[in-house]
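Here's the structure, in structure tokens; my notes come after.
Per-chain numbering from 1; labels A, B and C assigned in written order.
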């Protein structure tokens, strides 16, 4: 069953269509990759899903319910969490509090202070930041800030996690760690929709891949199908 | 040295100190002169304006200059309702009217960031002032209003009460998850929204909450002035002094804006009685100097010296 | 009816020309130096009072005061930017932090300049009579000084506009406004450009003060009132958009003149009402990006 579906999702900026009539779906417990050259509209598509912007026209459904027109906080509480392409951690707040905010406000049910603290500690441990509880988020390295964003998003107890370029700028070891992190999130039963430029990673972890180019979905399929698709190769070589 | 350092980490002792200070203040009319009571009333009024302004600005970074508007709304509420209602309900009404106006203004303007918001709130004071003037000249045909007079000790008691409620509110807000959420809004509004924070509601409500205390303070102070007109009630200075006092004292600790307000309000009283014509000039100079040289306020400066002192001592020992 | 309409239009154009000039100055300071200069209105007041003093003490023609007021306010603006705002800019942790602290500092400047003026000139309203005879235009009679002020305000406004758009320095200034870091790398001396802009912005306000003093009574606390109008013009035209300020000035001048002819005490409230509507409907302003 599809946890997330989009029909005819379109978004214009000025006269330009950043996303144009895209249909998509993400199934329960899947890891779906979203790739495409720079400016293909990937982050814009994520923004429409997380309700940062409203698609016009187009409809997005989450677990069968229409979410277009909702506010970001409502979508988050329904179970969609996200990370950001350009890191948006709360620089002057300790790592621990960054995560706690998510469990306080982003979950569907209320959480007590003690529960949220326990939850935050477990999540920081899960992403490998437990040693940095009290560090200010702004003092972390970029890699760790990205991990913090994942922990923070997980604190909202999502069913679907949108990951926007987790691996940009990481070295090989770090990419391998990040790939492991992504699969272990899925093992928790969380569905993943991820934008990624690191091909090795995306081919390695994704069950299915969608390709956007100039706002249009030009291909979709298993990693093998996408890698051998004539159109995709042309788009990437044409760059 | 360790004992002294430990003291500052003991919240229970803080509570005790606060309680003793509060008892001393509350009993002031018993041993203080009439002048002292009036002076302290004025100082507490500034403390209330400063702390309630800080309550919204410090976590969110939204610089409001509407303090004079909410204070003035409280004054005018008292002027209009003072004869019909007993004192306390009238004071609360002053706060509530400000609260409601702030809800509406906040809902409209808190989508605006940075300088737009500040300009808007600044203009709000002028707008209300001019509309009231127009109303008084063209509709009621009067200029200004008389306010029911209250006894100085009663005014002092009420303003102290508002101060205590405000401090408890601010303390609880800072410690609560909503305090955390407000800070996250100040850090990155977009990220906060995507983590489930109802950013707009929280901003507007906190803005209105701070306006409640400004309005209540205005309502009780009106009974001291006996006669108010739009120029007195909506004095732009009441928007700036709290900002200056908060900058002067700092905003990192619960008590820092209080210290700024107390010191500054005392200086203001002295300057106003001795050099009334130079007051605003000196005020401007202090504002510029404070912004240039006291980025974390007086409290921040003292804490910096304090920590430096400790470090040197550790090196020596 | 027609005559009163003409009256409203001419008055509106005069006010509009003055607003446009002042607003372009403010926008230049904000657009380039990122200082929302609340003390901007004080430069209008300084220009007006210097002109008044020169005329009543030494009988210097108000139009000649342009060459006196210009350099004086330019130097004041230049120095303020080089000292106060440069120091704030280098120590600020972020752009929004600088915008906040510089705006507050400019409030301090407002109080300083205004109160120095109060000490020197006292709080009274001042006015002088210059070319105060009527000129008949299509049945309506206008004071000559108003027409002169209007023409000068418009000509100088256009001159500044051309300077910014066409000349080399103007282009450097606009480059710095677009992207200070890159402009710095491209060989633009950023601190000098910022100070230049600030000085020029002050000159626009000062000259508006010169023309204003020819037609309206002046007083030391007048700056704030004009500043609020200027802020509304700038928001109307779009923060950072110089042509926006130019057009916005005239729009607001005409509206103000129309409302004033009906209910003088409501003019400011009307400005503010427009401002509120605008912020709700289109916060970027009519020509904002």
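Keep this in mind: a contact is a pair of C-beta atoms (placed from the backbone, for glycine too) under 8 Å apart; a residue touches a chain by one contact, two chains touch by 3 or more.
Everything numeric in this text was worked out from a predicted model, so none of it was measured.
Student: Viewed as a graph of touching chains, is the assembly arranged as a line, ring, star, complete set, or other?
Tutor: Here the contact pattern is a line, an open path with two ends.
Student: Counting only C-beta pairs in contact, which pair of chains has the most of them?
Tutor: The largest set of C-beta contacts joins the chains B-C.
Student: Whose Cα centre is nearest the centre of all Cα atoms in view?
Tutor: So the chain nearest the centre of the shown protein is B.
Student: Roughly how many whole angstrom separate the Cα centroids of subunit A and subunit C?
Tutor: One centre to the other, that is 48 Å.
Student: In whole angstrom, how far does the Cα centroid of subunit B sit from the Cα centroid of subunit C?
Tutor: Centre-to-centre distance between subunit B and subunit C: 32 Å.
Student: I'd like to verify one number: the distance from the centre of subunit A to the centre of subunit B, where each centre is the average of its C-alpha atoms, in whole angstrom.
Tutor: Inter-chain centre distance comes to 42 Å.
Student: Show me the residue ranges of subunit C that touch subunit B in the complex, using the header's touch definition.
Tutor: 30, 36, 84, 87-88, 91, 96, 99-101, 103-105, 107-112, 114-116, 118-119, 224, 228, 231-232, 235, 239, 263, 265-266, 268-269, 272-273, 275-276, 279-280, 283
Student: Could you please specify the touching residues of subunit B with respect to subunit A in the complex?
Tutor: Residues of subunit B touching subunit A: 177, 180-181, 183-184, 187-188, 190-199.
Student: Using the touch definition up top, name the residues of subunit B that touch subunit C in the complex.
Tutor: Per the stated touch rule, the residues are 61, 63, 108-109, 111-112, 114-116, 118-120, 122-123, 126-127, 130-131, 133-134, 137-138, 236, 240, 243, 247, 277-278, 280-281, 283-288, 291-292, 295.
Student: In their shared complex, at which residues does subunit A touch subunit B?
Tutor: 50, 52, 71-73, 76-77, 81-82, 84, 88-93, 97, 100-102, 104-107, 113, 152-153, 155-156
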